[in-house]
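After this come two complexes, each holding chain A, first together with chain B and then together with chain C.
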Partner chain A sequence: MSASLAPECNEVKERYDNCFLKWYSEKFLRGTATTDECDPLFKQYEKCLSVREPISLVRPTHHHQKVLKERGIDKMVKEAREDNRENDAEHMKPVSVPSSPS
Partner chain B sequence: MKIFQQNTEFDYSWEEVSTSNWRKYGPWNESCKHVIAVDTLSRTVDPSTGILRTERLITCKQSAPKWVLSLLGGQDTSLVYETSYVDPSQRSVTLCSMNMTWSDLLNVRETCIYSPSSSDPGKKTKFQQRAEVTALCGGWAKIKNKLEEVTVERFQQNAAKGREGFEMVLEMSRRAFQEQKSPILREARI
Partner chain C sequence: MVKFYSSTDTYSYPFPAVTLAYFLRYPNPYSTHVLSTDTIARDFDPETQRLTTIRLHLKRSKLPSAVTKLLPRSLLGASASGDTQTYILEKSVVDVKEGWMDTESRNLEWTGVLSVIERQVFRRPMPEVPDEVKLFQGMEGAARRHGFLNFGGNGAGAKVGVDLNGETTEVESSVTLHSHVGEAWRKKRLAAQEGSSSSSEEEQPQKVGFLRSWGTATLQRNIEKIGLTRTLRSQPNAREGMKVVLERMREGGLVGVLEGMRKDREAILQGRDLLKRDGTPRAGED
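After this line comes the complex of A and B, so read on.
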């Protein structure tokens, strides 16, 4: 797996990545994923990058991230998110026509 | 604005390609040493569509020509913001990337789509890549034009390397998963 931009987070990131990959190939692609069982590991990984702030339950990924903040990356991410709205709108939309076997 | 695009196919099932996509910048890929870090910023499954959305931050070592680097302020790393959308029911992976570094001067937007090949949907995967490059620096049209040209050339050079690297990852993943006997990939190959 690839490294984290914060070297101190490499270990937890690797554990999360491995968990995710297993979940993705064995459950998500098979359509049997009910919950994201890797979420606790993701929270740890996220916390490693983050300031100790109460994590908002509503938008858990939008709290300030320490490493990101220190390097001014948080602002850039915010801007990129804004710029990406069109992509979200285009690619998150529900499929209106049911897929037919081709 | 200048455009780079290519369409190609991989001799692996969509399930294998979409899984290996997450390992694309890992140690199995000898051709992407310029990617030094990949961090996941968020990941959610949309309950109504089942689409998996992932936000990642990709840190790259700069390899731009010196005159471009000096023009752009001499930073030696650059950051890319990527969102990806995996629709398991449609069997498609769409990756949208944009540059975060130098975004005042240069706008690079790339969309890559992996979907089952129409010729052999169970065993082959189609890869569509399109990048739009727009220089934003005011004034001198010649410089803008050159900057766009250099960036598109870089895409062309990286396309071949990217493919070669991803082929390595696909092969290693197939071997690793064969050893693990992951049910989804075993089924996908039948």
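After this line comes the complex of A and C, so read on.
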């Protein structure tokens, strides 16, 4: 699995990623998913990322939470969630499938 | 001034496998520059069966010397040597019913110098049959794909699954490059001329002089050109990376992919070059 930005979150990330991959391949892709079963693990992972300050190898002064806030990612995330909730993913639809010639 | 690159490609793998490979594409031997990948938001809508994911990647990169030469030291700061890292925000939506995955990645750092937005749309090819038949075949196809995505990593079954289907996935990629360099300074200068706040006066002499000698538009055009060259060079690596992941999936299912990733990650931590190809640019500047 890929590493987390915050090394101390690697473990909880791996637990979440494994859960997600199983759910994604066994339920989501088969169209039988009813809920996101891995959400409780995601919440733990999310908490690890936002509460604790990772010892970043590359940029010790930038911790994750700061990154999310500074870069406006938290806002983008919120918007994306609202988009999805409103089922307004119209702009994310693939561009025109060529229509059959008249 | 915007530079634009686009291409289309076809993967010889079924759509569900390609979407899974997209989520699992780092690390791979062509992406040793990707230091971390975190899922920061995920939303499943049971109504539409759409999955929205937002991930944050941290990539190590090297600013091209052509760029470091163009920019003033004050802007480059600690990255004057060219070594830097970039956060990439990736948003994806998968609609498994309609058979598409729409992805968009953008850099969060250096956007003032060059903003790069990469979009990839994966699509299950449309069968050329009437709607009612299509629906039926779609269901049948989904059933056949089950073997391929077996979590237990049943290698033989997975292989048969792919070969029997002969299914493909179309991908449309585009990259938009846009340099805003100099725009903020120009705005500041205009503001200063209009007699409004001149709090940043001490910053101005160097930058104004620098811009005068170049011209903002020329500078932006040059930076976009350099970005485009880099994009053209990195696209094949990105494609090869996906293909490595898909091949691992075909050979050993999900377990095979995870095992491959584990090895790649170890190699990256030990600083080994996974490709060992002389003269190849470091897999990485995508």
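The rule is simple: the second predicted complex is superposed on the first by the 51 of 102 C-alpha atoms of A that agree within 3 Å, B and C clash if a C-alpha of one lies under 4 Å from a C-alpha of the other, contacts with A are read in each partner's own complex, and residues count from 1 in each chain.
The criterion applied here is as follows: contacts are C-beta pairs under 8 Å (C-beta built on N, C-alpha and C of every residue); 3 or more make two chains touch, one makes a residue touch a chain.
Here the structure is a predicted model, which is why all the values come from computation and not from measurement.
Touching A:Thr34, do we find chain B (first), chain C (second), both, or neither?
second
Same chain A residues contacting chain B and chain C, which ones?
Touching chain B and chain C on chain A: residues 1-6, 9, 13, 16-17, 20-21, 24-26, 28-31, 33, 36, 42, 45, 49, 68, 73, 76-77, 80-81, 83-84, 87, 92-95.
Tell me, which parts of chain C touch chain A in their complex?
Against chain A, chain C makes touches at 16, 19-20, 23-24, 26-27, 34-52, 54, 56, 58, 60, 85, 87, 89, 91, 93-94, 96-97, 100, 102, 108, 121, 123, 126, 142, 145-146, 149, 151, 172, 254, 258, 261-262, 265.
Which residues of chain A touch chain B in their complex?
Contacts found on chain A: 1-6, 9, 13, 16-17, 20-21, 24-26, 28-31, 33, 36, 42, 45, 49, 60-61, 65, 68, 73, 76-77, 79-81, 83-84, 87-88, 91-95, 99, 102.
What residues of chain B sit close enough to touch chain A in their complex?
My answer: residues 15, 18-19, 22-23, 25-27, 35-43, 45-46, 48-53, 55, 57, 59, 79, 81, 83, 85-90, 94, 96, 98, 100-101, 103, 111, 121, 177, 182-185.
For the complex, give me every residue of chain A touching chain C.
Touching chain C: residues 1-6, 9, 13, 16-17, 20-22, 24-26, 28-31, 33-36, 42, 45-46, 49, 57-59, 64, 67-68, 71, 73, 76-77, 80-81, 83-85, 87, 89, 92-95, 97 of chain A.
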